[in-house]
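In what comes next, subunit A is part of two complexes: it sits with subunit B in the first one and with subunit C in the second one.
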Partner chain A sequence: MLVYLIKRFFMTIAVLLLVMVFLSLLVHIVPGDAAKTLLGPRASPELIQKIRAAMDLDKPAYVQVANFLWKVLHGDLGTDVFTGVSINRLVGSALPHTIILAIASLTLAVLIGVPLGVFSATHPDSWLDRITAILSISFTTIPSYVAGLFLLLIFAVQLKVMPAIGLGKEGNIKDYLMHLILPTVALAITWIGYLARLVRTSMLEVLNETYVRAARASGLSERLVRYKYALKNALIPTVAVLGVGLGSLMGGAVLVEVIFNRPGMGMLIYNAIKTRNYPVVRAGVLIVAFLFVFVNFLTDLIYTYLDPRIQLGKQQR
Partner chain B sequence: MENAIASQTRKINLERFEILWDILRRPQGAIGFAIVFIFIITVIFAPFIAPYDYAHQDIPNRFQGPSVKYWLGTDHLGRDLFSRLVYGARIALGVAIPSVSIALSIGILFGLLAGYLGGTVDNLIVVLMDSLQAFPSLILSLAILALLGPSLINVVIVIGLTWMPNYARVIRAQVLSAREAVYVEAERSLGATNQRIIFSHILPNVIAPALILAAMDLPWVITFEAGLSFMGLGVRPPTPSWGVILYDGFYNIRLSPWPVTWSGLALILTTMGFTLFGETLRDVLDPRLSGTRGI
Partner chain C sequence: MTKNIQDDNAQKIKKRRGQMMNKKTNVWIWLSLFVMLAMLLSSCASPSTPQAQPATTEEATTETSVSAATEAPQPAVTQEVSPASNEPKILKVRLPKDIGNLDPAFIVGSEDDTVDRAVMEGLIRYKPDGTTENQLVEWIKPSSDGLSIDFKLREGIQWQRGYGELTTEDVKFSYERFIDPNLNAVYKDDFASLDHVEIINKYEGKIVLKEPQATLWTTTLPMTSGLIVCKKFVEEVGLDKFKTDIVGTGPYMLTEWKPKERIVLKRNPDYWGEQPYYDEIQLIPIDDDKVAEVALEAGEVDFSLVSLASVDRFQSDPNYHVDLMPTNNYSWIAINVENPKLQDINVRKAILYGIDVPSILTATYMGKAPQARALIPPGNLGYWKDAPHYDRDVAKAKEYLAKAGLTSLDLNLAINDVTEFRTWAEIIQQNLAEVGININIVPLDSSTYWELGSGDKGKEVELVAMNYSAMPDPAWFTMWFTCDQVGVWNWMRWCNKRYDELHKLGIKTLDPAEREKIYIEMQQLWDADVISVWITNQPLAYVSKASIQPAMYPGGLCPMLRDFKATE
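Up next is the complex of A and B:
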């Protein structure tokens, strides 16, 4: 077990190093001069040279990779070549908004999706189960940006009951939360449907297990059997999915942040892409990848803790 | 002899028909099939279905609601939304099929190599796939497209590359078990080359799950492309990608609700249709795979 976790840890480190190398080489993989694309066709050669130097582009590729790795390992993401602001500061102010949004959505999805799934599994083939089935499959097929636009259209533009864009007034928690509602729902919808389906399937499986029948036979109340014994085991696959989910939520968050004009990581990356500010794009993407890999590793740990029967080392690979 | 072949062909045709019948018998499958059917008809006959040219502008009649003249209304340049959505279906499928094909073929190649050769090659490929999957796919695509610049071809390449690791993984897992099968053992002892074993014996046996995965990925690739186009990094205006229509509608959302409403609905319905159809097809073809597909 320990061996597996150590191996997994080093794999994670290897993946992160590769990610960094890949991101610093990306500039070379694609055709054209990054500094020229950034400044446009009419820039003077001196300016291009200056920006190339600022972006390290005048050095050989391996030096660039080494410089980038060295800086990142020392906690320095570089400097925004346009404004001279440290990228650490840009990320520092954007990241909390994205994490809050992702966690709020995932929480909402769990709070609605899991009870729906449990209800369907404990009342199979009832009409409510069928409605839940239709609803959850429809929910999984709504892309988060379409959900975001529809919510914006209905609640902010037509009914005018919700604030449309931004974070709200600074320091006003109630206003901040009001501005969080629509983006959170938009990101959560897919996951509500997905979790409901997942929990229903795994709960149905668990309810047929011998230990559940044994618990029933020994006279425990149906409530106790369902929620104390069955649900606990049925939720194990859900945990694994939630880990991956947090990562894909970060992807969806980019679009949702653009729609609701929230200054999070998505907005940071989006604006940097529009101005072709490559160092900021690279740093933003790197931070998101770091989070994604880290959460996946954490999920594996929780997973083994929840179900000691799982011996990850014995799976293929 | 000829009779035997004829009866064999008839049997296969009958089986195909039975699969379709099995799908249509289930309500989910019937709804899914209907939507996919309408979608494909729209793609094929777009010029006959669309009443106007998708770029035809009628500025005095911009931001119209649905009417007899413009069935679904008009956009900010007075272009007919229905015609744009109909042509948009072509773009959607025109991006999705090549992207998935690229992902599938490269993924199959990597999966076969990793699974069959094992050892260092396997470890290298697995770490490479892990690194590619360390980015949420949307963010990886954004980073690459930011440098490549937006265009139809670039979108296809980028989607193909970001979705490829999924297929490599599925194929690799299948190859790992097929490699130990008795028929492979038999081939090897008869002196067959690695190449022959991989392509003539293992590949045909492991490809089915990847093909089902590919079919079920089509709608996600469609929404993915629309998302990229919505960000201004996919298909460029005036080409009527659903993402572009959504983007135009978003910027004028206070002036007219219709562009966002219709293009959003088109995306949701298409995804739903393909998903329902794909899931039913999977259940009919191989009940063991039921519930294997995530998001």
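Up next is the complex of A and C:
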């Protein structure tokens, strides 16, 4: 286990380093002068040069990576060249909102998707299974931004029962939660459908396994067999998907945050890309990449909990 | 026997279930705690932008007279309550993006203008009707030779947050920093003719110029570059802090900035002039027009810029008021006269007569945008009201193409790849195909597009869809098309010496009637050489709740927050 953890740590460093190199190269690949685009037509050449220097764009890519890495290791993500505000502060205020949105969406997707999948698997070919299948496939095909717009139009504009944009009043948790509902549903809806289909398939497979038949033969109640033994094993592939899913939810959060005007990481990176504010883009993507790697690592650990046969760091025989 | 096995199994299962349940319960408890902690952190612990601490009265008196110190306002933190009602009057305004830099010498966008002009003030200002009036001065007058401007400040005007009294020191500091080579201000051209500001006494001063500059009166002194900044505050907080925290003499104080979330302006209780109508203004950055429209309809913002496509919808709803503001945006198809394919004026005329501009306006702007006829739009000095109209005439266009010795021609039309220009390009492609000109549309991403005409590579440009905007002075329209702008912003690469002379003359001429003649002649020169096809001066649509009477700066540049009122 310790060997595995050490390996994973170095892999994480390697991945993050690659991300940083890629981002630094991207600045050189994308056409146009970032500083000129950022400052507009009235900026003098001297000022453009000054901003290029502030963003390290006047240095070779390897120096950019080294400088950025050095700062990151010292806990400094850099400075927003527009406002002069520390990027640590920008990320610090945006990140919790995105994490909350992603976790809330995933939780909602699990709470609805898994029971739907189990129900379909335990009642195959029933009319309820068919309705669930239609709903699941429909949900899977609805992009989060479409769902977001519809939810806004229905609940915020027409019915006026939900707030439309932002985070709510500062310090008011109830208001914050109210502002979280629509974005959460918008982001979760695709995953509800996907999880329902995935759990149904896994559950159907597991229900035909010999150990399930043995449990039934032992006289255990059907409820215990389904929800205790079958479901636990059926959930292993779901956990694998959820690990990657949290990462993709962070990506999906970009559009949802734009639609609901939530000042999270997605919005931060989106605005920075639009204005070519590379220090913010670089820091934002690095944080998201780190979270992605971290969540995948956690997923691996959860495997061992769910299936003790899996031993991390040892070859399976 | 079988029963015993079953009992054993059941017991084992119970035991293992208990262990598993404990493990699961622990996981869920930790997960729940994590989510709750994150929620608490984000909703409670993210503090507002720490603003510069108000100077104490003692600090404020160090550089000001005793009387000024006693009059200095106390740090205002309490909410002013409207006399008519116990509820504070709060206005929520959408900003198209977050503030970038509030330093008047370095502002990034109209959002910075909006905040700056609510908090800070200039010697003179524009009123909502487009005329100017004295603001911080009792009087201001130019010398007869236009080489100096004398002024006297109103006495007793106090800086917000206890920074003392406004004096000529502040005026000198505010203007001379624009020409300070160490500062390298983005907007140093606004004070291109400034030599220095002379302090006569605490309230009287003289702006000394190297040469007359007409734009000082139209786009420098009454606009953001002309705002007076607090010398003591800027020196105390430094330039980095000054990007996002400002102190002024105006009716509103900047009290909060949460990046990408909101900016809060509260009424300055010690404001020297007439108090504004709203107690508090919340500025909410919303990037997307459609999201802003939803926010308007959901009642979460009171005033917003919307897309032209949504104008009819809001106009038909009695709950909203729509202002279709004429602007100083100008859009055109630029023809590169240096390109061998386009050097013959007959080819350029074929293009001019081949394009159906009204169709472009209908398809792109839902018929809400007027057709432009020349460089300077209506409402500005130098507007050429008798500019010729070129209606589409395919026969004439073919005739000109034949005169150029051509029956067909292949041309590239470069566009910034956004819906607006794609629509233009598709119509132009169809229009010119009938003439015999085959258009290849070249969509470019924004940054590539804005590099297109730079340097020698700009010689390869053929046709480009362009859109600039200008401040309300004719010099701001003409300045980009002089000979020294070829390869910079003059992508037509048109160089006319007379035009250049007139441009210089127009800046130095102070008599409006004389200036009018100069700028009309410049547009006639442009028209005679057929270097463009004018498309539109695109208006901006602002929607507010019916109960609000908004106010805008000339040219629809940005909302004039201090002059927003309730409708009667």
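Here are some notes:
Here is the rule we use: the second predicted complex is superposed on the first by the 298 of 317 C-alpha atoms of A that agree within 3 Å, B and C clash if a C-alpha of one lies under 4 Å from a C-alpha of the other, contacts with A are read in each partner's own complex, and residues count from 1 in each chain.
We adopt the following convention: a contact is a pair of C-beta atoms (placed from the backbone, for glycine too) under 8 Å apart; a residue touches a chain by one contact, two chains touch by 3 or more.
The structure presented is a predicted model; accordingly, all values stated were derived computationally and were not measured.
Aligning the two structures on subunit A places subunit B and subunit C in a clash. In the superposition on chain A, contact is made by A:153 with both subunit B and subunit C. Contacts of A:172 after superposition: subunit C is touched, whereas subunit B is not reached.
In the overlay built on the shared chain, the residue A:5 is in contact with neither subunit B nor subunit C.
In the superposed model, A:212 makes contact with neither subunit B nor subunit C. Legend: residue contacts after superposition of the two complexes on their common chain; A:25 is shown touching neither subunit B nor subunit C. Touch criterion not met for A:236: it reaches neither subunit B nor subunit C.
After overlaying the two complexes on the shared chain, residue contacts for A:194 are found with subunit B alone; subunit C is out of touch. In the superposition on chain A, A:259 makes contact with both subunit B and subunit C.
With both structures placed on the common chain, the touch criterion links A:228 to subunit C but leaves subunit B unconnected.
In the superposition on the C-alpha atoms of chain A, the part of subunit A touched by subunit B in one complex and by subunit C in the other spans residues 30, 34, 37, 149, 152-153, 157, 258-259, 270, 274, 276.
Listing the residues of subunit A that touch subunit C in their complex gives 30-34, 36-37, 39-44, 46-47, 50, 82-85, 89-90, 92-94, 96-97, 99-100, 103-104, 107, 149, 152-153, 156-157, 160, 163-168, 170-173, 176-177, 218-220, 224, 228, 258-261, 263, 267-268, 270-271, 274, 276, 305.
Contact residues of subunit B toward subunit A in the complex are 28, 126-128, 130-131, 134-140, 142-149, 173, 176, 219, 223, 226-227, 230-233, 246, 249-250, 253-254, 257, 260-261, 264, 267-268, 271-272, 275-276, 291, 294-295.
Considering their complex, residues 5-6, 9-10, 13, 17, 23, 27, 35, 38-44, 46, 48, 97-101, 108, 184, 186-189, 239-241, 243-244, 258-262, 284-288, 290-291, 294-295, 297-300, 445-448, 450-451, 489 of subunit C touch subunit A. Only residues 11, 14-16, 18-19, 22-23, 26-27, 30, 34, 37, 137-138, 140-143, 145-146, 149-150, 152-153, 157-158, 190, 194, 201, 241, 244-245, 247-248, 250-252, 254-255, 258-259, 269-270, 272-274, 276, 278, 281-282, 285, 288-289, 292-293, 316-317 of subunit A touch subunit B when the two sit together in their complex.
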